[in-house]
Amino acid sequence: MSVAEKSGSTGAGAVAARPPGQRFDRKTIVHAVGIAIFFLLLFFVLPGITSNYWLQICTQVVVYSVVALGLAILVGRVGMVSLGQIALLAIGGWVALRIGFATGLPFPILMLAAGLVTGILGVIVGLPALRLSGLYLALITLMAAAAISIVLQQTNFPNGGGGFLGYDITGSGTAALRRPSIAMETTSFFRYTLIVGGLMFLLAWLHVRGKPGRAWAAIRQSQPAALAGGVNITLYKLWAFALAAFMTGVMGCLLAASGGGLTILQFPTQESISLLAAVFIGGVYGFAGAIVAGVFIKLVPALLDNWDLPPDLLLILFGVGVMQVLLTAPQGLAVQFPKDMMKLAKLIARPFTKGRKTAGEVAR
Amino acid sequence: MPDLKPFIVLGLALGGVFALSGVGLVVLYRATGVINLAYGAVGAFGALISWELINNARWNEWLAFLVCILFGGVVTLVYGYIFGPMLAPRDPLVKATATLGLLLVLLGLSSWIWGDDARSIVLPTTSEGFSIGEVNVNYTQIIALALCLVVTAGTAVFLRVTKLGTAMRSLANDREITAMLGVPVRRVEAAAWLGSGLLSGATGLLLSNLVGLDMVGLTFLVIAALAAALIGQLRSLWVTLAAGLAIGIVQACATPFESIGGYRSMTPFVFAIAALLWFARKQPALVRV
Amino acid sequence: MIRIEDVTVQFGGVKPLDGVTVEFPVGTCGLIGPNGAGKTTFFNVLSGFVTPREGRVVAFDEDLFAMPHYKRARWGLRRTFQTEQAIEELSLYDNVAMVHEHWGQNRTSRREDVLGALDFVGLDHLDPRVKVGVLDARDRRLVEMARAVVGKPRLVLLDEPAAGLPDEETQHLASVIRRIPEHMGALVILVDHDMSLVQNTCSITAVLDFGKLIAAGPTAEVLRDEHVIKAYLGTEEEL
């Protein structure tokens, strides 16, 4: 059997002998091109066609899409529910602000620091619950989110003051994190955020396509089989949790530099639950779903506000969405919506794949 | 060292309601496998309805309170009746997540109808009271504490002694086998949903009185009840009771201490995570083969 | 060679395994017994999911109980389960590769080992990138078999691999199982209710009943043993 290994690949996704026609290649290339076009459109075209106000909203959409992606990986790929991602976003922002005001470290370092601290915190909170059950994990993340809210209400976000908390009560209240010098205006900051967001998506993609992704698939389907396969379940669950927390923390840093500073009002406990609902609606399995979730969480409320409609309607929609999605999903937390989408995609792709042999039809 | 006695009283009342809610959560979980995360939201919504009836529709307050309790029962029952059987074979995590849907719907509705303004609802029992030594105790607080003890004891007895209670315990064990034994599973579950719902209405009313009528705040006070239920390992009513009371007392007593007072609402979380660390210690990696 | 010495498992008042002592020397060995006899518990003990109250297991001169369960897979313990466990959303290749990559095996030999395993069980005619979810029951069972034999297995535990398969497929499975010890150098323990499968593959068979070992020896003899027949049928009549 001749073998043509994809260069640089780690084995999974690396492909055995390609059947004539290279169907697999075509699909990936189409995907990649599609994503590249989408990205370029956002990067170059979007700032030109929207006002600063809406561009700022779009920056938030990017931020929350990444947060949603982290949650989607937890829920859709591993089967774990976290009800505290928004609180982690706040933590990321806090860390970035504190270090940013205390030192002159460059922005990328701040992002990394925010991501790392948040990642570690996520692991600490998740660890005791992980060995017990998914339900306990969900409950403890909910409690942690509320606890973090309470702490931040007391300590506020750093605004340049001294001491550990960095909050100067006589100061102007909130203060934004300084932006990187190449991203001072709304447009350049949007682009900067877009790039960082893209990198986070890439990071997640590499995980899902690689060894962790396979381990997660095994864990989600059957823990005994995963164990029998040698997978260290606790480690991989923690890894997923840490990844989601890291990505969220990094975006927290960007959030801290986006508006006029951060307040706890921007991170209500209920938003973590809404985020879960948005992730369900977008479909927990795919990466595009995370973008849909980001749109629902940040763009739609702004639109509703713009049209003088009550934003509460969205909450009701989210609530109904959660119940509907969970009811129609055949098993676990994998949802029907992306499966329906896949069926649709296959339908669309049929004219392209007609004539090629499908796997099962190859001569036995 | 400030005088803690008044705070202990407050704590017992608050803890009593936490414990009451916790017991409501545990009983429902044991009978249906559902952790009703919307428990607080249901009670809060009911209290808002009562407020509306009292202040805008000029109803008699006792009637309005009754409506609150009934609302809790009915909404929870309807939810359980519709979604219970459909979600019955699923993982407890899925069932709990579904209740988040109800939570969001209620949050959205209440925000739409009533907005975010602060309101208050005062039970007539709050204005009457007596003193134990130098400490003032009002009847609402007495009711809170007494109710939690009575309900816990009553529920424990009910589960053990009555036919319906035994059926509930059997359900908790295995729904399929219970159904095969001829137990009217759906009716038993409905009873559990109704009971838990009525309790949520009652606790909603009590909490609005003790803490204030704020939809979001009350919704997430379910966390304290969750912590108590978690410490009881979603099984033991008495441990849940004790945990609820302990959380209430510690939280209240932290109030006068300047350095930690502001953080006192974290108490449930601290208790819960300590409990989880304790449970996880003895647990090898959980495998069901 | 694997030697089980006096293994006893106790849950409260129940003893799923009671003082089981048996030696499986080489090749493919059968483990049979009526339902509830303790066969799955036996496998769970070997896998490390259940800790026995007493006893020792020495496999290929190593004390198995000294290894925590996740290390045993690394050591070479493989297992299939009664219910299908192939991961549906992963491809054939990934399913088998996952086992390979999780016990730190040689990365360079991975592709070879994985394709070799798929070939060995007779799945080489399928595109390895196909998701297991689209395959039928027979092929899924074979994927699990491939997972069990990839790399360098030392001890392969097969728990009712033929469950739900029609006779022709069972024949193919039997031929795969028979070839494992010789091709992979592993010891196979097979649990199944299908007596013809056991007879076709196992040279030695042990019998459990109510947690106790009631017979062990060459398969044909064991199947004619009156105690074994009594255990299955509850009577003294011959099969």
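By letter and in written order, the chains are A, B and C; residue numbering begins at 1 in each of them.
In this section, a residue touches a chain if its C-beta (ideal position, glycine included) is under 8 Å from a C-beta of that chain, and two chains touch if they have at least 3 such contacts.
As the structure is a computational prediction, the values presented were derived from the model and not from experiment.
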Which of A-C and A-B has more C-beta pairs touching across its chains: A-B
Chain whose average C-alpha position is farthest from chain C's own: B
Interchain centroid distance [CA atoms averaged], chain B/chain C, Å: 49
Whole-Å gap between the CA centroids of chain A and chain C: 41
Geometric centre distance via CA averages, chain B-chain A, whole Å: 33
Junction residues of chain C, two or more chains touched: 49, 81
Multi-chain contact residues (two or more partners), chain A: 224, 227
Where chain B touches two or more other chains at once, by residue number: 287, 289
Chain C - residues contacting chain A, complex: 47, 49, 69-70, 73-74, 78-79, 81, 85-90, 93-94, 97-99, 101-103, 107, 110-111, 115, 125-130, 134-135, 147
Residue ranges of chain A touching chain C (in the complex, touch as defined): 1, 3, 5, 11-16, 19, 24, 211, 214-215, 217-218, 221-222, 224-225, 227-232, 359-360, 362-364
Residues of chain B touching chain A in the complex: 35, 37, 83, 86-87, 90-94, 96-98, 100-109, 111-112, 216, 219-220, 223, 226-227, 230, 262-263, 265-266, 268-270, 272-273, 276-277, 279-280, 283, 285-289
Chain A residues within the chain B interface of the complex: 81, 83, 125, 127-129, 131-136, 138-140, 142-144, 146-147, 150-151, 153-154, 223-224, 227, 233-234, 268-270, 273-274, 276-277, 310, 312-324, 326-327, 332-333
